[in-house]
């Protein structure tokens, strides 16, 4: 919805999922590196986590859809009323939530029905972002300059995220590609917050001048700073997870690890040259 | 042709071919998974099917071309008449049908002349979609807003389909990529129907207001819903084909399969992690 | 130059090179398939052909540059005259010819200096097409509608050709990709002829109306028909080269071939399934 | 900053780094080819060079940022002053320098902390170029035609450089791809110089007419000539480095090399066919 809360909600969803996905990618990568030394049985754990992730995504999508439809002044599931379309922007948002809900469904299906290929999740995720791109592109007709600009940034970031998810679908297990995608999801999340503060200042203070081009030039660099922030979040997350895994593993299998670690480190540095 | 029937015909062709191609892809994928257990001789069957597919495509293209040319008020194969071009939009449509007919020709050639690489079919298919994109892009000059919008959606979907067919040409045997392409072909088919109902309402009721921007915003989400529908069609198709193959195979080689299936399932789930 | 001859010349160059490259690709592909049976020493021959090709390309580029500069009314190597730029469109054309000349230089260098990778040729070729795209994009300022349209088609076709050459640079030895590129080079060649006939009708008849939108719609399908023509040229070329190679090889090593051919054919059809 | 020096500084940085990176790529490629014969211990050397490179990049970025902020008339770290944004173009430039500084940080991190994958550097580099593209795209609002055009060229070249760096991230060790990227970095460097001379002529002579379209047409070909120049720089560099490596290696291990070289050359020429 065109309100402060209506932008904070999806923003928070993207921030949570971006943070979670980046943590999961780092965890898998670090574990895989360390596990060579000490094989823990974590497959079942990851399976359950994926299904839980799917359920969370579906809940988020449902929250979004219900929020859009039944907020005071919302469309209340009525599409056509009194000879004209009823609150189409609300329906736009619902459609986007719906496609992100499908990602959750794909998540659950792929980890419960065995013959489905796991890369289906990435494909559906990529489609969800492309649908978001498409809808936001057709969303801002007749609005003011700054309003259009901040939504175009969403179009840009969701398009690139969709492309990256599609690339992950084609080539699996590239941790940097996954982290790049999650950095863009974090960017999108924080950008939703930024939009909320720009278009509907909650402090009750004076709104931004929507036709001042200087505001656009500021928001353009602001967008880059948000991106730098998402770098920092992922960097700190990486450092923390690496430290955590190393500490916990040392306790579990301290003797084995000690011997193998040095050999491994050399091996890796050779590989990466 | 600019008529209800002129949009229903290609729409139906796309729906039929999209459904057929998705069924074929799923069938091949499911068979390949099951065949490890029980080798049936299906190569000759698939060969014949491909040639039949080629003939069907050529018939469809011919039907389209003949329909465009010899409908009452059509160009009747006359390109230039009385100092000006004669019914160029009809010729546009014929050119598109012609390039889809070439896909049928490629289909037949590749499965009768052995030294031709099979990926040629995908290349010609991709070219047919790009030609469609190109022609629709130069097709709507001077029309009204909504008319341009619904055709731009066709440009978008045929461009993406062309890209996906080109990707299949480069990397073969990715079932999800094939299903993604067929889902877009289904989308295009149902969108042709939608265009028919929007621009030439068959019920004789009042036409849509072609300059109302709300209609564009509705059709934008409508496009996404069509896409969700094509997901559902393919999902149901997948479930049905899987069930069918499993049941029929069980009858044919019940003893063997029973032993091997459990081992296989474990093997697959490992692969896909 | 803005004249009939100035479009016929590059058009013929593209047609010749397109035909030559497609023949070379087909020859290499067919030979490679047949050579398994009967190893002829053709490496030196191919080497010489490449160097000859390079020399031809340089000669073409020089012809073009000299023609552009020293035609009556040309810039005569003067860039800045009497306080303004002198005949910049002529200089544009020269720059394009220059970059195609570089392809010839790369051809010669790669086959005389051994440590240079052969894929350099494809890279330079791709760059030449991108430079052409870039220059044509900045070439038609202030001209009339139809003039801009026919040059935009050149921009489109040279951009796609550049992309395809770049893809060949990344993945070598895909015969269909090479034929696709050469089909687009043939298209560009015949389109240059078309431009010549549209903008500077040699028959002295009345020129085309440059502001009639119907002409654009006709030229859009005309462009597709040119493309269909380049399909046919390559198809006939393929059939002819295959027939030639088979006949000549049969004479040279008839006994061996006869035995191996059947076995091979089966092997191939298996591979391509 | 909008001044002659403000364009010469980044231009020189790009020229230096472009030249250095191309030399490094050629050196690695030539060494790898020659090293088969004579294994020198150069790994530690390359490691130190990378860290030095990182420090240089950070210094350059800091110089740029300090220069932008504390030049007379600069923003002096004040973003918002007297009810309006303070010198946003200066802040734009600082943001770009910052992201290039991050490349230096990534360089140092990847060669000091072992578990980080080396391809991270390419990813961050690619991001830096995309950020540059994004900012320059939002940088020229309300300026004059020629000013916009020369900055659009920067947008184009930095976007393509970003794409190429991203491709290097995906597929490592393609020397031609690296050289292509460095050629574009050189192009960007020399184009910054060109912009300086066009927009702020240091000779004090009359400025260029910013609204004359002929100037755009000249600068379009000028851009291509700059690119041809970067070809020549890299070509000469390649010849020089190859000669240097061969001469030095001959001294170090003349006997071994003499025997192996001929065998190797034949082997390579076979590989590259």
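We call the chains A, B, C and D, going by the order they appear; numbering starts again at 1 in every chain.
In this text, contacts are C-beta pairs under 8 Å (C-beta built on N, C-alpha and C of every residue); 3 or more make two chains touch, one makes a residue touch a chain.
Which chain is which protein? Per UniProt: A, B, C, D = Transmembrane protein 45A.
Keep in mind the model is a prediction, meaning the values are calculated, not measured.
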Chains contacting each of chain A and chain D, listed by label: none
Superposing rotation of chain B relative to chain C, computed on C-alpha atoms, to nearest 5°: 90
Classification of the chain A:chain B interface as same or different, half of numbers criterion: different
Distance from the mean Cα position of chain B to that of chain A, given in whole angstrom: 32
Whole-Å separation of chain centres (CA-atom averages), chain B against chain D: 45
Of all residues in chain B, the ones touching two or more other chains: none
In the complex with chain D, residue positions of chain A that touch it: 30, 33, 171, 174-176, 180, 213-218, 220-221, 223-225, 227-228, 231, 242, 265, 268-269, 272-273
Touching residues (chain side chain D, partner chain A) in the complex: 43, 46, 84-85, 88-89, 91-92, 95, 98-99, 102, 114-115, 117-120, 123, 131, 134-135, 138-139, 141-142, 169-170
